[in-house]
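Look at the two complexes coming up: chain A is in both, with chain B in one and chain C in the other.
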Partner chain A sequence: MSLREVTPHFNIELIDLHETSCCGGPVRSINTKAATYLSIRNLALAEKSGLKNLLVPCNECHFMLCEVSHRIQLNQQLHNEVETLLREENLQYPTTVKIWHTIDLFHDLITPEKIRLRVKRPLKGLTFAAHPGCQIIRPSEIGRVDHPEKPRKLETLIKALGAEAKDYPEKLDCCGAALLYSHKEAALSLAGSKLKSLQEQGFQALVDTCPYCHIMYDAKQKEAVSTVGGKSMIPVVYYTQILGRALDIPSEKLGLHLNQTFTTEDVEF
Partner chain B sequence: MPQKNVKDIEKEDVLKGPIRAGEIDFGFRKEIAASPGGEKLRHCYQCGTCTSDCPIARFSDSYRPREIIRMAQLGLKKRVLSSNTLWLCAACYTCTDRCPQDVEVASVIRILRNLAVKGKLIPSPFKELGKNIVETGTAYRIPELRLKKRAKTGLPPLPKSNIKAIEKLAEATGFSQMIKQSD
Partner chain C sequence: MTLTDQMTMAKPNPELQKKIFSRLVNIHPDECFQCMRCTSGCTSLKLLELKPHEITLLVTTGFIDELLSSDIIWTCAACLKCRERCPQKASPYNTIMILRNLAVEKESKVPEAYMKAMSQILETGLMQQETPVLSREAKPFNRQTLGLPKLHYPKPKLQEILMKILGG
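This part shows the complex of A and B:
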């Protein structure tokens, strides 16, 4: 919602891709082959659309599309199998479409300098913790959007809004979303321990970009924090939501009222 | 697979105990190495970087990626495939990225999971996710109420999946069969 609001400010038009499906990530553990086809089919549909760029805001979907392409490139047999299956649907093996994520779209393409020029309401006096998420920075071998050990792009983007972004020890920790449906307690402990520590360190909010991480930190926060014996809450917002506020877009248009952990009493954006 | 907490999984775990020569499957590592992502299994020299960096190992007393890799190397097929801890990996890829020998630890675990469910009942959360994908195109069924809420915000309707194409694909990869099995 907030992504759709902010992109036009930077002359980027988003067009919904049709006929696509789940990337297969959630069922990869039980049938990697099916997941591989689901992912590459989505990429092939993007290619067929004639558009040159595909924006994938979810870390897991982004990872799946990149990893599957990487594997297929390395494995001729898999390549042939995939091509045969795509041909049945009159699709071609995708070779040109470029995969983007929210972080590299804003950092590498739009650039923090340009964002700084567009900011109307600098978010002065606010200190955020950045959560890039796991699968967008690792494994580096398949080509990820930021450094696997020292990801800085999301912080740079936050600073471009006039806010502070401080490092914290748990920055690289996983949100646990992949375990939410099979091992809820383990997933909640992972998310909860990070959130609890962030509260103790005095951050105003946690900034993420991935919807899967956002479920863990925002929608599941109450459960997660209580799993590790914590009590209070910390607001969790998408980067595109705070960017939108810095561009002076009303908070309802950015869906801030839909966040479970956000109240204007906590933070004045 | 019903929801279990980590402590129960640890109690039931089958990884430990003396190794009997008869349980070694010598072809097992080749089987893993033949799957994309498992190629470098034999490169592991057991340094333990994966376990010490694993966020799950921090919470669990028994989830140890290094052990899983060793069992796979040794060919302890039955033991490693029936281990419940196999399902505790959160796929954060810290182990894969930091392995000094370039073993794709998380991918080996994914391959082991694929082998573990081969011809067996698949854990129920995965079955549900799979069913949702084949029937609706998405892993999670989005409630009608939420779609109405979405429309109210002024967002365009969600693009429709091509269910026929997904069904075909699921058929070709054996995925349909997997999720059709009865409990």
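This part shows the complex of A and C:
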């Protein structure tokens, strides 16, 4: 929701692709070839639309599309098989679509300077922790949006809103979402220990961009924090939500009423 | 001469090993020199005792049968740290994904949630059904009431193709 609201402010038009499917993330554990097909098929749909850029806000989807495009080039036989199957759906093997993520869209294309110029309500006095996530920064060999060990772009984007973004020891810790399928307790405790520590360090909120991380940190926060013996909550928001507030877009339009951990009493956005 | 695991009397399985290597294009478990860099940063080490260097070793020595029926291959959080950090391009992560595929092929015990996601994808193309979300005040919203465009699902042809792939 917030992504749809903020992009027009930077002259970016989002057009929904129809008939897209799951990226193949969970399918990879079951059948790599099926996962490969799902990923490439989504890219083929983008190519067919005639649009040159595909925005993929989820870290796992973004990873799958990039990883599969990378690996299929090493495997001519698989490439041919996928190409034949695509034809059954009247699709062509995609070659031109550029894959974007929220972080590089705002950092590399729109740029922090331009964001700073558009800010109407600087978020002064707030200190955020940035959570870039795992699959969007690794593995660097397939091209990721930030440094694999020292990601800084999300912080730079937060600072462009007039807020503070401080480093913290758990920054590279995984949200655990991929473990929900098989080891729910462990998944929750991964998320919980990071949230607990962030709270102890006095951050006003955790800022993420990936919907999967967001589920772990926001929707499942109560459960997550209780698995590690924590009690209180820390607000978790999407970058595009705080950006939207800095642009003076009303909270409801940004979906802030859907965040389970955020209350205006906690943080004055 | 073949190796035998003296604890379990297990024997290596060279066919399975060959299968794994052939599916790991440009990933080289056989180059692993057991530096344990993967394990030292593994997300699932502390909580679930996953030791990716051991997985790599079991694969390169051929002790694969037990791995396929073990829960350990389902403990990876897919954080990709081992893929990034391995100096030998052995990427335990990719090996683990192939091991999971083989466990499914062998009809070993596979976590139910994966099979559920798979059947949902076969049915609709998406891994989850559209469900209403609750606001903080527990008020339900759906795509329409949130002003989001309707979803357009893939045509049934996708299911047919996926079935073909899964059928081998």
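The definition used in the following text is that the second predicted complex is superposed on the first by the 269 of 269 C-alpha atoms of A that agree within 3 Å, B and C clash if a C-alpha of one lies under 4 Å from a C-alpha of the other, contacts with A are read in each partner's own complex, and residues count from 1 in each chain.
Keep in mind that, in the parts below, a contact is a pair of C-beta atoms (placed from the backbone, for glycine too) under 8 Å apart; a residue touches a chain by one contact, two chains touch by 3 or more.
Predicted model, so just to flag it, every value in this text is computed and none were measured.
S.K.: Determine, for the superposed arrangement built on chain A, whether chain B and chain C clash or fit.
M.R.: Clash - chain B and chain C, as placed by superposing on chain A, overlap.
S.K.: Is A:259 in contact with chain B, with chain C, with both, or with neither (first, second, both, neither)?
M.R.: So A:259 only meets chain C here.
S.K.: Between chain B (first) and chain C (second), which does A:19 come into contact with in this model arrangement: first, second, both, or neither?
M.R.: both
S.K.: Check whether A:226 is in contact with chain B, with chain C, with both or with neither, and answer first, second, both or neither.
M.R.: Neither chain B nor chain C is touched by A:226.
S.K.: Which partner chains sit in contact with A:53 here, chain B, chain C, both or neither? Use first/second/both/neither.
M.R.: neither
S.K.: Do chain B and chain C land on any of the same chain A residues, and which?
M.R.: Of chain A, residues 1, 4, 16, 18-22, 26-34, 37-38, 41, 71, 74-75, 85, 88-89, 134-135, 138-140, 148, 172-174, 176, 178-179, 181-183, 186-187, 189-190, 255, 258 contact chain B in one complex and chain C in the other.
S.K.: For chain A, which residues are in contact with chain C within the complex?
M.R.: 1, 4, 16, 18-22, 26-34, 37-38, 41, 60, 63, 71, 74-75, 85, 88-89, 134-135, 138-140, 148-149, 172-174, 176, 178-183, 186-187, 189-190, 255, 257-260, 262-263
S.K.: Mind listing the chain B positions that touch chain A in their complex?
M.R.: It comes out as residues 1, 3-6, 9, 35-37, 55-56, 59-60, 87-94, 96-97, 102, 104, 106, 110-111, 113-114, 117, 122-123, 125-126, 128-130, 132-133, 137-139, 153, 155-156, 159-162, 165-166, 168-170, 172-175, 178.
S.K.: Which stretch or stretches of chain C touch chain A in the complex?
M.R.: 23, 25-26, 43-44, 47-48, 71, 74-81, 83-84, 91, 97-98, 100-101, 104, 110-111, 113-115, 117-118, 121, 125-127, 133-137, 141, 146, 148-149, 152-155, 157-158, 160-162, 164-166
S.K.: List the residues on chain A that touch chain B in their complex, please.
M.R.: Chain A reaches chain B through residues 1, 4, 16-22, 24-34, 37-38, 41, 71, 74-75, 78, 85, 88-89, 134-135, 138-141, 148, 172-174, 176-179, 181-187, 189-190, 255, 258.
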